[in-house]
Amino acid sequence: MPEVIFSVDQSKSMREQRVPGHNRWHPDVPAVAMVRPGAEFRLETRDWTDAQIGNNDSANDVRDVDLTHAHMLSGPIGVEGAEPGDLLVVDILDIGPVPQQVGEAPGQGWGYTGIFAKNNAGGFLTDYYPDAYKAIWDMHGQQVTSRHLPGVRYTGITHPGLIGTAPSADMLARWNRREQALIDTDPDRVPPLGLPPTADHALAGQATGQEAQRICAEGARTVPGRENGGNQDIKNFTRGGRVFFPVYAKDAKLSAGDLHFSQGDGEITFCGAIEMGGFIDLHVDLIKGGMEKYGISTNPVFMPGNVEPRYSEFMSFVGVSVDHDTDTNYYMDATLAYRRACLNAIEYFKRFGYSGEQAYLILGSAPVEGRISGIVDIPNACCTLYVPTGIFDFDVRPTADGPKTADRGKCAVTSG
Amino acid sequence: MPEVIFSVDQSKSMREQRVPGHNRWHPDVPAVAMVRPGAEFRLETRDWTDAQIGNNDSANDVRDVDLTHAHMLSGPIGVEGAEPGDLLVVDILDIGPVPQQVGEAPGQGWGYTGIFAKNNAGGFLTDYYPDAYKAIWDMHGQQVTSRHLPGVRYTGITHPGLIGTAPSADMLARWNRREQALIDTDPDRVPPLGLPPTADHALAGQATGQEAQRICAEGARTVPGRENGGNQDIKNFTRGGRVFFPVYAKDAKLSAGDLHFSQGDGEITFCGAIEMGGFIDLHVDLIKGGMEKYGISTNPVFMPGNVEPRYSEFMSFVGVSVDHDTDTNYYMDATLAYRRACLNAIEYFKRFGYSGEQAYLILGSAPVEGRISGIVDIPNACCTLYVPTGIFDFDVRPTADGPKTADRGKCAVTSG
Amino acid sequence: MPEVIFSVDQSKSMREQRVPGHNRWHPDVPAVAMVRPGAEFRLETRDWTDAQIGNNDSANDVRDVDLTHAHMLSGPIGVEGAEPGDLLVVDILDIGPVPQQVGEAPGQGWGYTGIFAKNNAGGFLTDYYPDAYKAIWDMHGQQVTSRHLPGVRYTGITHPGLIGTAPSADMLARWNRREQALIDTDPDRVPPLGLPPTADHALAGQATGQEAQRICAEGARTVPGRENGGNQDIKNFTRGGRVFFPVYAKDAKLSAGDLHFSQGDGEITFCGAIEMGGFIDLHVDLIKGGMEKYGISTNPVFMPGNVEPRYSEFMSFVGVSVDHDTDTNYYMDATLAYRRACLNAIEYFKRFGYSGEQAYLILGSAPVEGRISGIVDIPNACCTLYVPTGIFDFDVRPTADGPKTADRGKCAVTSG
Amino acid sequence: MPEVIFSVDQSKSMREQRVPGHNRWHPDVPAVAMVRPGAEFRLETRDWTDAQIGNNDSANDVRDVDLTHAHMLSGPIGVEGAEPGDLLVVDILDIGPVPQQVGEAPGQGWGYTGIFAKNNAGGFLTDYYPDAYKAIWDMHGQQVTSRHLPGVRYTGITHPGLIGTAPSADMLARWNRREQALIDTDPDRVPPLGLPPTADHALAGQATGQEAQRICAEGARTVPGRENGGNQDIKNFTRGGRVFFPVYAKDAKLSAGDLHFSQGDGEITFCGAIEMGGFIDLHVDLIKGGMEKYGISTNPVFMPGNVEPRYSEFMSFVGVSVDHDTDTNYYMDATLAYRRACLNAIEYFKRFGYSGEQAYLILGSAPVEGRISGIVDIPNACCTLYVPTGIFDFDVRPTADGPKTADRGKCAVTSG
């Protein structure tokens, strides 16, 4: 294994680590280490909430989670010679949960998937599932099972939910400006349209004093994916993948975290992946002036990993951009179309004995694919959701006999 | 091969066939044939425009196409015993261009991809590419090349762009009502928000007289995918695929057409697939009462084909729901995110010598995948576009040397 | 579709075609057509036995087949400019059973798999299954079922069992010499060690008179694969595949036949594929001097097709080079190891209700993979056989409950 | 990670571990631990030679290796309730090189591939490559590169070369008897036909005194795969794989070792894999009476792993059972056919600048597939070798321009 250049003691908060990480995007978070192009190294990471969620049967911790802590990132790592306009080439050599340790933090043999409550972040189907729910997953090598979701076992597609370079000061200012403009269109919305900077529970790495205060006050929240990558939740950033990140700040300043043991396209429950702490092994290189050479200005480009789990049979669900509850047509709305495909899938799996919440948790975390199938056939966008049949230990294909219903247990719910 | 129960003479318009098809959705279009559950049969089809587009080097025909003819469908086929509430099981046994014939219609050895003009239908990137363009493809077995897109050769993922069952009278009324409501929000928009019924060039199959007039006046336009399937443009409805269609009308009344030799997820140029006439071999069966048994009410469910072309290396592009041209943030807008991913891809391939139009045509027709990667990270939806590197006869991966630019010719443009 | 340059009337023997093919390898069989490098064309083919086998429930025709007729080949096609030392590049553009025809020949909607009797050719397991058996397959697009093998349905991997260039006169002489030397080591063996030239039922294409007599007397039998390709039975020569054939004779003289709707690695029942007449669409090109350039002297090189059926779960069987019946050890004998893997698989599937003959027929024709797993661990070669679980409509995985046995019918047997 | 029930200190020989393993098969090697059905556990392993090979540029250590030490196995693990006739279900949950350690043993960041000398074990092509050679590989997550094989980089398919249950006393006696009978047919052969028991450097685990002496004198050598599995070198026993082992001895007594970071089908250089120490995480279960239930008597059955590296384009090589050097025909000899395919591949890659030894080392270790393509076409067996084109950083496909030759360095050779 390569040298660990960001280490984490999983028994402690990210704040208490010998070298703490950060949870805001800002060009002035100090690099924790400098590496040369060609270097290979390991980052150890905390789960995104800094271990606010426990391995238990109550969803109260999900309901009550404080999101101003998120996402706890490991880094930034400076790359010698990286300048704005370059492409930072990042190979994902390996990734996994916390190795060779015993303890209670997420990633130490287990992970979790949460449905967030509507009044605390919500999720893709929050109007249908407004309360908090949780499933705990046990790791078995590259496979998982959950006591909250019996009948399901699958190989994960492990990846960093969040990885990116630092923004420039100018870019940071633009982010905050454009997101505030959006928030201002409906400032009281629940859940909110966006998350503005807040110093509450902000962590600025090794910065101290006024510098730290400034970073915490200005730093962009980590929730959305942006020009620097960030929280893109692309499940195909897996082993063997290569990402070309735009460099916006001197030394590139690469940070990563929010590892997912597995996730379906969309990560639909908001905390839809199997969340964990762990490690990620990276190789970095530079293409000098690569942004201009390849016409890359606003987002990373990547080559997906080639060691995905291999499934070849799917139950697939279709959605179009019609709200069937009210029979209202929307114009080419792929978000709505995918939502309807997800709702259709949930309704389907309920017929086999799962609760809606359970099915929702499965769709968020299993290696499902979500595709934009048709995006020009006015007025209806058409999205499709592909669920591997092999993740179930029973036959989920439609037959003349109808679905075999069984008691599928229950997921963790809130109390009190 | 199975019995042909809907035959087409490719030298004639669909209107002039011995048994004509139809180009509107209506429960009263008479069935052209009745089959039993378990039957296998072949439908022959015209290309969606009824051969308005020619194998030449001008895009004028695309610019001037009359869309009230579209989509010319073969059918409807009645299935004995099918009643509302059943699921119609449709296996796609085989599909292909016009076999063993010589002639000038699309599908007779060639197909086309068009970018539609903004003032005549438009497309996914119509604000960026408002004019009409075209590429002609030559078929080589299951592969294609185009004189308008040198450097590209790939195996297609052949499928019916349009296949579905008939709506009930009630469902048809709801469609027309909800789509008109949408259109009414901006009735003068160019391109329009939707297409209301029109008798212009409507074709009601074997219906005659007043019955035909009524069907043409009421019948829903075929452009959008809806509860009955229809123009969903799901590229994975390919050989070996199985679709479970809801049955809304007596005898199910299955129709199909708009065959695509190949298409990328989204079919982004509107006429983005490689359009052709051809044949499709189907097997049908019934799951009585299947809609209730499996909780299927609003859309088909399917199992994708298992003979897709096999590619394993991709250049992938990311987009988030920010309009970078104006630096404006939108809330969880997957449509915008996918549009940005497409624009990023086009910009990338331009560096290798293609024009933007050429790159756009490639993305519409090649077996690219479009995924909804993140749909909960407020406010930015994240979509990704996967382009197989193996479709190019040169290396499209980023390197320190920069892209190898070459003269890539040009696509068909308009004149006069 | 491309121009047909070798056409077949399936109601007639290959001998009675307007332009007959050939069933021996000889450089002097006259070319039936000349094509230029870059050409695309279609060959129509008869099944390998020239339709000696019928769509019925008796294996008598398999038992009594006259193999001196085999293999009926379409060609040879001359390629302008091809000279010894070149590589002939052959793309397999498309391939399939007899299209759009009605009739009784194999390939007209059906095909067959035969187990040959030990005293008439035998097969890989002829000491275990010495009698003749047969299964008839019905084609459903790219899938097949058999009334003789209920419970099985799969997508075929269609390919030419036999395709190759003509030998030079010198090479032909060497073939006949070395094979006779092998035969001479045990000339009375049943089945024989090899098949020497025989004029019985030999067919020399358009050659006539003494020239035809000489070709028939000298021509090499078509059964084995040799330096020119020939009857290699490589299932991966499928759609999208490219083969680089050595050129040994002027004009290359390419011939093909013995099409298989599907076949497993090894084609273990001798006539183990699903045999059919049909068509194959090819594109040819030349690499001048390619044999020396690429060090290719004794066999073709190829790039396998990329539209194989996609299966991802397998039951796999192991065999080592020990004859367990007699507990005798053989040295690194991969043939024996694969035979034991096949016997192990047959024994396994018998527990689900199939007869041994049925299981043997399935292994010959389904898209199974046969791998040489270990070939250095003295003294035991280790081979493995991969059977896709998805070809069965019941669960074939081992469970604590044991196999679900059922009545699986029976295959065609001999009588009288 | 699961509990480590067999631990290894990589700085010490297997003989000096706190709990030593074993290097002979014998039912009386004491179990090092007992587990229950359903248990998950980790075994740590030494490389197969017990670290006789070093990370250096000389092949002298390969030339001089003492094979009586091999293979150092971790175990045996007893499974409660396992009795002869049961099937032991073994899931391969995870596997990898030595984690989180620094040191000089194979698996600590590096591995090796060796070509063994003809007078010390030899290999598949030992008549062509009689001397010793070596390549050192550097691990980069799931990928490898070698300073001895520039231009190659690939994702490994990691697996245990050796895993199996203990034989019964009776089975052991039969093994020794039948192998001695083979050896006796040519007792002076170099390399030998088989390896009889020898007490030299034998290791009997925790057995002591006379019991240990008896085990060492009687124990079967570990080189060949046999009825209990053992050294089968099946590369598809990878992550996610499930093996069903016959149980021959009370408690099953499972042992494993000889981990391979990667290996091609056949492991053709004898030590053809990338050899390493490491860990393997297993889950075990029982199917009581499973051998009879499923007709399994002589070999394991398995379901291959589903997280293999994904490659989709191959250069494939054909061989038939003719010795072209002497133009001698052999009868259905798959071993020879695969050897010819390997020789053809080596000749091909030499044209790109590799030495024959280098090409041989690549074929042994890269994820190549070796298939038995035709095994009934008398007299020529036909085998094929599939090499992924993506493992090379240059284009290895044939073109009219001929191969791009370059200086490809050299592998480690012997001296003195």
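So that you can tell them apart, the chains are marked A, B, C and D in the order they are listed, and the count of residues begins at 1 in each.
We adopt the following convention: a contact is a pair of C-beta atoms (placed from the backbone, for glycine too) under 8 Å apart; a residue touches a chain by one contact, two chains touch by 3 or more.
By chain, UniProt protein names: A, B, C, D = Formamidase.
If you're wondering where the values come from, they're calculated on a predicted model, not measured in any experiment.
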{"item": "Which listed pair, A-D, A-B or B-D, duplicates the contacts of C-D in over half of its pairs", "value": "A-B"}
{"item": "Between A-C and B-C, the pair joined by more C-beta contacts", "value": "B-C"}
{"item": "Where chain B and chain C are represented by their mean Cα positions, the distance between them in whole Å", "value": "39"}
{"item": "Length of the line joining the C-alpha centres of chain A and chain B, rounded to whole Å", "value": "32"}
{"item": "Centroid spacing, where centroids are CA-atom means, of chain A and chain C in whole angstrom", "value": "50"}
{"item": "Residues within chain B bordering two or more other chains", "value": "306, 310-313"}
{"item": "Residues on chain D engaged by chain B in the complex (per definition of touch)", "value": "310-313, 390"}
{"item": "Sites on chain D touched by chain A in the complex", "value": "1, 40, 91-94, 99-100, 109, 140-143, 155, 239-240, 281, 283, 306-311"}
{"item": "Touch list for chain B against partner chain A, complex", "value": "87, 89, 123-124, 174, 177-179, 181-182, 191-195, 223-227, 229, 231-236, 244, 265-270, 272, 287-288, 290, 293-304, 306, 312-320, 322, 324, 327-335, 338, 340-341, 344, 347-348, 350-351, 369-384, 386, 397-400, 402-403"}
